[in-house]
Structures are given as structure tokens and as C-alpha cells.
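You will see subunit A twice below: alongside subunit B first, and alongside subunit C after that.
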Partner chain A sequence: MAAISSRIKAYLGRIGPSLVLLAAAVFFIAPILSTARAAFHKVPTILLDRHTWFKKWSLEGVRRAFDEEFFWPTLALSLKLALVTVLITMALLVPTALFVHLRLPKARALVEFLTVLPYVVPPIALVAGVAAFFRPNARWFLNSDFSLAPFYVVMAMPFTYRAIDAGIKAIDVRTLVDASRSLGGSWATTLRKALLPNMASSLLSSAFLTATVVLGEFTIASSLAKNTFATFSFEYFSRDAQGGVGLALLTLLATTALLGLMTVATRSKSRKAATVTRF
Partner chain B sequence: MSALTFEAVRKTFGSNVALEGFDLDLQQGELVTLLGPSGCGKTTGLRIAAGFERADSGKILVEGADISKMPPHKRNMGMVFQSYSLFPNLTVTGNVEYGLRTRRLDKVERERRVAEVLELVQLTALGSRYAHQLSGGQQQRVALARALAVRPRVLLLDEPLSALDAKVRTTLRDEIRRIQTEVGITTLFVTHDQEEALAISDRICVMSNGHIEQLGTPTEVYRKPATAFVARFVGTMNVLPATISGATEANVNGTRIAIPAAKGMGKGSSISLLVRPEDLMLATDGLPGTVTSITFQGASTLVGVRLDVIDQLVSIDVGQGGADTLTLGDRVGVGVNGSNAVCEPTE
Partner chain C sequence: MSNTVPNPIANGPVASRERRGWAWLGLLPFLAFLAIFLVLPTLGVIRKAFLDNNHSYTTKGFTDAISMEGAAFWNSLKISLITAFLGVIFGTTLAYAAATAKRPKWLRSLVSAFSGVAANMGGIILAFLFLTLLGRQGLGTKILTDNGWDPYKSWFSINDFSGVVLVYMYFQIPLMVLVTLPAIDGLKASWREASANLGGTTFTYWRRVGLPVLAPSMLGGFLLLFANAYSAYATAYALNTQSNLVPIKISFFLRGDVTGRSPAPFALATWMILFMAVSMGGYLVLRKRAERWQQSAAA
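Moving on to the complex of A and B:
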């Protein structure tokens, strides 16, 4: 009896992790598959049976989205915003993180805490406060589409600062800086030639994370009445449910592909370093 | 003219005084070692020379010119660090070229200098390797080549051997000395390893608590330590409790030993007599004791003896073959040659 129960236990121990993994996969993948069906299958759920299952599949919904007047302009704006946000993020956070590491190591915990704050402040509170200040004082700022970029820098900061910080921790910054300086490198040269190239993969991760935040952000863009890709998707969904769902699915796939690309890009770098034979 | 001068340099970190009244002169082509335990201020001194730290007061002069306020990248000093400092994104050649590019030298001159210094450190074949493809010793040799390529006025070496294993450390130590002599470059070398300091230096500056204890040749520092600190820090010292019994005489449990004049210590004062293992010998009429250990060290043998009356363990260098007839537990006598001994007053 005891032998049987221990065998059952062993069996469960073996398949247990697979079961958990399977459950998680179903939890995440099932909604995506349902979304895909809703986007590409023009049969209402109530009429689904073995006769209708294989009929009326088409990419029509998504194709309609591409034909929309605001599809390309809003996508272009979101991509431009992503680029500007990445540039501002790099220009602000890389020097900050380096400065904290080199000159203010004691302040590291505090800075890390500050960079997480945007995570706990709801975007709507942020935008309400900022709008209340800028509307009477500098309306031109809010009128520009690029007024969104500073918000996105702040919103992406919890992720981007961590990625940059990890990149700095992975190299011996102090020694590299001292080595470069002793060899005649100014601060600018040191940054450009000795530090940034050695933080490339963390900067890349940081840029991709920023881009995904920008492409998906809705609350602030909508509150400031900007036509970004996210606001267009929402508005389009309210007009054309099937096309909207298709568009959402495509966006999801595109950002997943971006993150996948980031993983591959950063991993192939570290693998290159790891597989070289030591002599 | 001195190649590098520290003039009354003082440096504090908060309430901690790292350097106090630090004066040091390096002659052209000389290798001076800053030797001391951790926290004695030796690395601070080197970093002040490099420009990474600013002295609170005092001056740094290179060939007579005050460079105290000059930023590090304008000082034209070559530096090798304790931790591996090669730029991981650059090849060996790229690393060596780094300082030449910041000086905007043309391609022909760059290639010539890279070839020259790589040959000097015997790494010509590894120019296209990256740092992670090199051993620790090779990395430090590239770092040395990189520092020398810019033809610095002074070479600063911050414990460049401490991350390496024993065998590589000795080889590279000798190689650094060979290259330094060959190039004739003034060098400031920092280490906590007294053996390394004795082997490599023209002069050694022994430091403790931010000040200089003794500045002298390796022989002077070893044979004639100026203070009890130097005596204890450099090499091995036996400590024998004694009393001063004359102007140049000490008494160790009834045995009279001739010593150098003990300044400021009157007859009858209690002292610790610090004696090197090679100044102790096995002698039938010496202080009686029992052999407790015999340690073969290749070129010499150390015999540990516990002295009977003063219950003190001493170490005796008996040279090669001097312990062949000894076994543990043997009764022996220990003779003392006090001519190089250091007297340390006991409290």
C-alpha cells in the first residue's frame, strides 16, 4: 500500500510541474486564440458548429483597418514618439545612473526608489496635474503631439532605469572610467568609447521596453486628445469590432516580436562572449 | 630633476586621514614601491598622483611643474590597475591603441607603437584577441602595454599582480622589472606584498596610517628597519622579551646580546628584541629550547623552536641542509646575532 502511494507521489512529482505549465499556457494562450478567431472568423459564437467551423475565415477585418484614414498617420506618430522617448530616456537616465554609481553610491537605493514611483502613481493623476499646470502657463506645450514624450519617459522609467542600472552593474565602471581617463580620454570620449559600447545590450533592452510602453499607452494620449496608435485602435474598435480585435491582435504580436527580438539580440551578444575558448 | 614629487600631501576622507605630510621624490627611471597594510594610504597616494583624487593640501610635481590641479586625462601618466581593466569591447590592439587615438596620432604611428609595445610584453601574436580570450596574466601584460604605448612621464602600478596566482605573479613581477629597466621609465608601484616590494624596487617607501615609516633600498628596509613597524611588516621577525643592560647590550633571560645603540631607552627598560630568522642560529651554548617544527622551503629550511624559560616560539633560518640531523622534540640551544636587531619598548 505504502509502495503504491509513494509511486503515485513520484508520478505526481514528475508530471506536476508540466501540469502547472500547461494550466498557465491555457490561461494565457486561450484568450489570444479566441481573439484570433474573433478577428479572422466571420461566424458568431452562437452559430459555431462542425459545419461552420472551417468556413468564412478571412483577413478582411485587419485589411479594413489598414485602409483606415488614420491608421498610418497615428502609427507614424506613435513610432516617432517612441523614438523621441527613447532618446530623451537615454540622454537623461544613462548619465544619471553613471553619476550615481561613480559619485553617489550611497544614493543608489534612494534613486532606485524614485524611479519606481511612476509605477505607483496612476497615469491619470499624473496627466491631470501636469495639464492643470501647463494649460494656463504654456498651452503650446500641451498642443504639441510631442508633449506626450516626457510623460512616456516618466512612465517607462521603472523599467528603463532598471535595465540601464543592470548594464552598469555588469561592468566594472569605476576601473573602465579610470583606465580611459588615465589614457587621455575626456569624459565624453570615455562615455562614447569605453562605457556605452559595453552597455549596448542593456541600452537595447531599455530602448525596446520604452518603445513597447509608448506603443501601448492609451490613458494619457486620450486625456490630452492626441491621435496615437493606441487611441486610434480604441476608436476603431468602437466602430468595427472585428477589425478592432484584429488590430489589437496584430499590435500584440508586433510588441511580442519586439521583445523576442530584444531577447535574441541581447542573448546572442552574451553567448558570443561565453562560447569563446579560453587559452 | 625629480621625475615625480609629492610635497606635504594631505588627504582625508571624512574624519579618516588617509595621507598626512606625505613627501616623496622619485628620480628619473627609478622604481619606488609604496608598501604597507591595507588602509595605510598607499593607493590614495597613487590615485592622487594619477589625478583621480584631489589632495586637500600639498602639491604633486612632475619634473618640477605643479600638476596638482590638472585633470587625469591631461597628466600623461600610464596606469595599470589591480582589477582587470581592459575594455571588453576592444581587441588587444584596440586597447593598446586607445590612448594613441585620444592623442590623435596617425595610423602609421599608431601601428608602429602598438607593434613596439606588444613585442615588449611578448604578446605580438594576440593582437586580435578580446580580453575574455586572455588569461589574467596576459590581460595585465596588455594593460601594461596599453599604459606604455602613450609614452607616459610616469608609470603608476596599483597592485597589478594581486589578482594573479603565485607562479604567474612571480613571472610577471620579473617581467615588469625587466620592461621598466629597458624602457627606463619612472615607476610608482603600490603593493601590500613585502616579498614583491623587496624583489622589484629601487627604493621602498613603507607606510602606515597615512605617513612614511621608512624610505630606503630593499636591503636597508630589510636589514636596518627604522621602526618596529617596518621590522614587523617587512619579512619575518622573532620577538624576544629582553631588558637593556648597557649602551649597546641587551639581556635575554641572562644571556647578553650585543645590539645597535637603543636610543632613548635607559638601562633596565623592558624591550622586545626583534630578530630575523637568519640572525638566529643553532648553538650549544644558546638559549635552551625544543624543536617544534621543521619547514622545508626549497632554498632554505625554517626550524621552529620553543624556548624554555621565556616560553617563546622562534623561527630560525638554518639555510640549506642545516636541519638534516634534527627531528621534532630535539633539545637545542639558540644563539642570537643582535647586530641587526630592533629594540621596541614594551608598555
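Moving on to the complex of A and C:
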């Protein structure tokens, strides 16, 4: 009897948490479902009832989005921006982080502090900074679409540096370097054959996260009047709500897939790297 | 708490004084990059906030920003405080429910993975999601109206304050889950048993053990969520381009002012940077504290 009553008690104790999880599921899934309906169901909500619910489902809205003149060019630009941002990030932060670990441990606190500074200057303030500093001093720089990339590097820096730093801390950099150097490896060989493969998971996770941030970034791109995928999505939504919503759904799926890939790619290696987020 | 933190410098190389002087040059690319793309623009903002039309320095623009855009300040502050507070409550509750659930096994990782996606989402996509649900023609609005409650005839509208609060919860709650989940994992079952063995009730356990351990994460999370909401631009803009919020006002003034002379957007941005410095600074300090706890709890 005692065993049964304690089991009942355990079940009762789970009612609260279960309700919390259920409510969360409804709150987080409902907008996605309604978006899917709006994207694939060509019936205005006012006319929605028992009779119209199963009619007029189609992929037409999404297909219209693909046919848009600016769909491919803006997507291409955003993908290129993501790539360039990731490359600059790696080229700038990996050597810096390694250098701090190997040669200048004294500077660690300073560098860490500097890399979280972008938290203090959110994108909209950075836009004001562009207006205050680049407009008067280096207008030519802003003409290129790729002028966005360095700002994205800055925006992503707090978490990219943290991920790279965690990757370095997780391996014994000094031993790897000493071993490689004493076997006659050059610095380049050491980096390529000993360090980077061991840091791959943390580099990958920061790259994926950077890519998702760049692909969705709207604030700076729209303020500098660049035609990225996000600004196109916004403009397209105001013209064609169904197509725009279809596009939003696809973006959401792609982002989820990217972040899912990141989790899979990093799960086996280091737990710390796997929990990297924007913050 | 008196664990000795291993000195990271201890096993580093003992470079000679001369070499160390040169070593700082290795940071040059990094420092130059940050100077050009972050520090100088930021200083530019602050300088312009204190410049008037005649290029003389004054604090007038800085104080005018508050007196003339008081409503925007107040709205931004209210939205940030409300969504941060609710985010801490719901996020911690959700994280606790997910962390303590024994079945199904994948539940915890699902919640944490989904939180990673949702916390990073924001932006215009999030606005679209909610417009299809609770916009005037949204599916949820329709369902609620059909069941006797028209949200637009009472207090709710997706384009105003209530809408922004609701939509922000979609990234605030998951962000809080990510912040507190590690801390909740750090709560050991043995502590609870120890508390019970000493005659403590559930209430005593939470008051004396649970909450004190979670406190740095919860407080830090609050500051992080506050900063997150205060600086969010894209979602609010996509919901309503006319929202009277500080980020939207900054953008509005920047677009409207072609001459770049008016201090208004720069003063607002400077105030925002101050808010961010205080809240994010507090968050980072508390995060360090919470992490130290988790490390020593895990050891």
C-alpha cells in the first residue's frame, strides 16, 4: 500500500511540471502552426470554417516567393555575407585567442573584456555609430554591400570569441604546440595539423551560429539600405503576405536545421561549446 | 566557496621582459579592428550626443532626449522590465520542469535545443509568426473570437504594447531557460535529501538551499533579458513601424535627419549604451559567479 501511495504521490507531484511543459509547448508551437497554415492554405481566416478547412491547400505561396525577382540575389548576398563574416571572424579571433594563450596570458582579461564590449553597443546603436563615424569620414566604405561584414563580426564577437576560447581551453594547446614544434613542424603546420583539427567542433559551432545571426540580421542591413535576404523578406511581406509568410517559414526551418547541425556536430566533443548561444 | 581557482598563468611560459614588450604587437590586428568598427563609431555617437548645431559642446541634447522622448523611454523601460520579469519567472519554471522530468528521456535535450533556436530567433521572422497567429486576421484571433472573446475588442493588439510584450516572451523565456538550466543541473539531489534529513520542508529547502544557489543566475538572467528587450529593434519594427520605443526612435531620427546635425538619435543611442553597460556589466559579473558555483558543484 505504501509503495502505491508513494507512486501516486510522485505522479501528483509531476502534474505541475507537466502542465508547465504543456503550456510552453502550446505557446511555442502555435505561432509556427498558424504560420504554416497561412503559408499553405489560401483561405482568408474570416472565411475559415468546417467547409473551407480542407480546401485550397497548396505550395503556391512559397513558389511565388521563389519566383520573386529579388529572391535569389538577396539570398546569395546574405549567404556570401555569412561566409565572409565567418572567415574574418576566424582569421581575426583564432590567432588572437591562440596568441593570448601561448604568449600573452597577461592580456587574457583585457581581451575577454574587449570581446564582450559589443554587448554594450547593440546593433541599433552601432547604426548610429556608422552615421556618426563612417558617414562623414569614410562614406566610400559604406557603398559596398560587404561593408556589413565587419559589423557582423563585431556583433557576433562576444559568442564567437567565447566559443573559440572554450575550444582552446578544452585542449592542451601548449603540449600540442611543443610536440609539433619539437618534431620539426613549422607554425603553419602546427596550426593546420595539430591545433585546428582539435578545435574543429568549437570553430564549427561558432561558425554556424554566426551564419544564422547574419542570415536573419535586419537592423543594420535595413539602416544601411542593403538588399539582404532579411530586408527582402520584410519588403516582400508587405506586398504579398502569403508569400512572405511562406518565406518566413522556410527561413525558420533553415535556421533550425543549421543550429541542429551545429548541435550534432559539437555534441560528442565538448559540452561547453555545444551550449554556445548569442549570449 | 573557498575553492582555490587554478592560476591559468602558472603553467604559461616565462617570457623575458624584452620579448613580452614585443608580444603586445600580436594583438595589433585585433585591437585595430575593434577600434575601427566598434570603438571609434561608439565614441562618435557619444561625441555627437554632446554637440549642438554650432559645433559647440553642450549637455542640452543629452537631457532633451529624455524630456522630449520621455514616452519612448518609459515604454522601452516598461517593456524591458515586464518581459524580463516574466521571462525570469516562466523561464526558470520551464527549465526546472524540463530538468526534473524523468520521462520522456529526450524532453530535456529537446527543450534546451529548442531554446537555443528560439532565443536566437527574434528579428522580423518572429513578428511574422505572431502576425499569422494573433494579428487582426490571425488564426488564434479567429479561434478566440469564435469562442466568445475578441481580443481586439478588449485590451489586446499585436501592434501595440500588449502585442510587443507577448511576442518578446517568445525569445525571453528560452533565453532564460538557457541561462538557468546549467544552474538547475547544479542542484544536487543529495542537498535536498540532506535538507530533509535535517528536518527541512520543501519550503526550507528552497529558501535555504535552492534559491540561494540559483540566485546569481536568476538575477544575471534578469539583467540579460532586460538588455535584450531594451535593445531589440527588428521585431518591434516589423510589428509596428510607428512603435514609440527607443530603438525605433533612434532609427526614425537617423532616417529623417539627412544633415546628421541633430543630436537626438545620438543622445538616445548614448543613453542606450549607458543602460546596456550597467545591465550587461552586471550580467557578466553574475555569470562569472554562477559559473564558478557550477564548476565547484560539479567537482
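Here, the second predicted complex is superposed on the first by the 241 of 279 C-alpha atoms of A that agree within 3 Å, B and C clash if a C-alpha of one lies under 4 Å from a C-alpha of the other, contacts with A are read in each partner's own complex, and residues count from 1 in each chain.
By our rule, a contact is a pair of C-beta atoms (placed from the backbone, for glycine too) under 8 Å apart; a residue touches a chain by one contact, two chains touch by 3 or more.
None of these values were measured; they are calculated from a predicted model.
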For A:Leu259, decide between first (touching subunit B), second (touching subunit C), both and neither. second
Contacts of A:Asn227 with subunit B and subunit C, given as first, second, both or neither: neither
Check the contacts made with subunit A and report whether subunit B or subunit C touches more of its residues. C
Considering only touches as defined above, state whether A:Pro197 meets subunit B (first), subunit C (second), both or neither. first
Name the contact category of A:Ala128: first (subunit B only), second (subunit C only), both, or neither. second
Of the residues on subunit A, which ones does subunit B touch that subunit C also touches? 277-279
What residues of subunit A sit close enough to touch subunit C in their complex? 14, 16-18, 20-21, 24, 27-28, 30-35, 37-38, 44-46, 48, 92-93, 95-96, 99-100, 102-108, 111, 114, 116-136, 150-151, 153-154, 174, 209, 212-213, 216-219, 223, 230, 233-234, 237, 244-245, 248, 251-252, 255-256, 259-260, 263, 275, 277-279
Subunit B-touching residues of subunit A, taken from the complex the two chains share: 171-172, 175-176, 178-186, 189, 193-194, 197-198, 200, 273, 276-279
Which stretch or stretches of subunit C touch subunit A in the complex? 8-9, 11-13, 15, 20, 23-24, 26-27, 29-31, 33-34, 36-45, 47-48, 90, 93-94, 96-98, 100-101, 107, 111-114, 116-125, 128-130, 132-133, 137-142, 169-170, 173-175, 178-179, 182, 224, 227-228, 231, 233-234, 237-238, 247, 250-251, 254-255, 260, 265-266, 268-269, 272-273, 276-277, 280-281, 284
Sort out for me which residues of subunit B touch subunit A in the complex. 50-52, 71-79, 81, 83-89, 98-99, 102-103, 130, 132-135, 143, 146-147, 150, 156
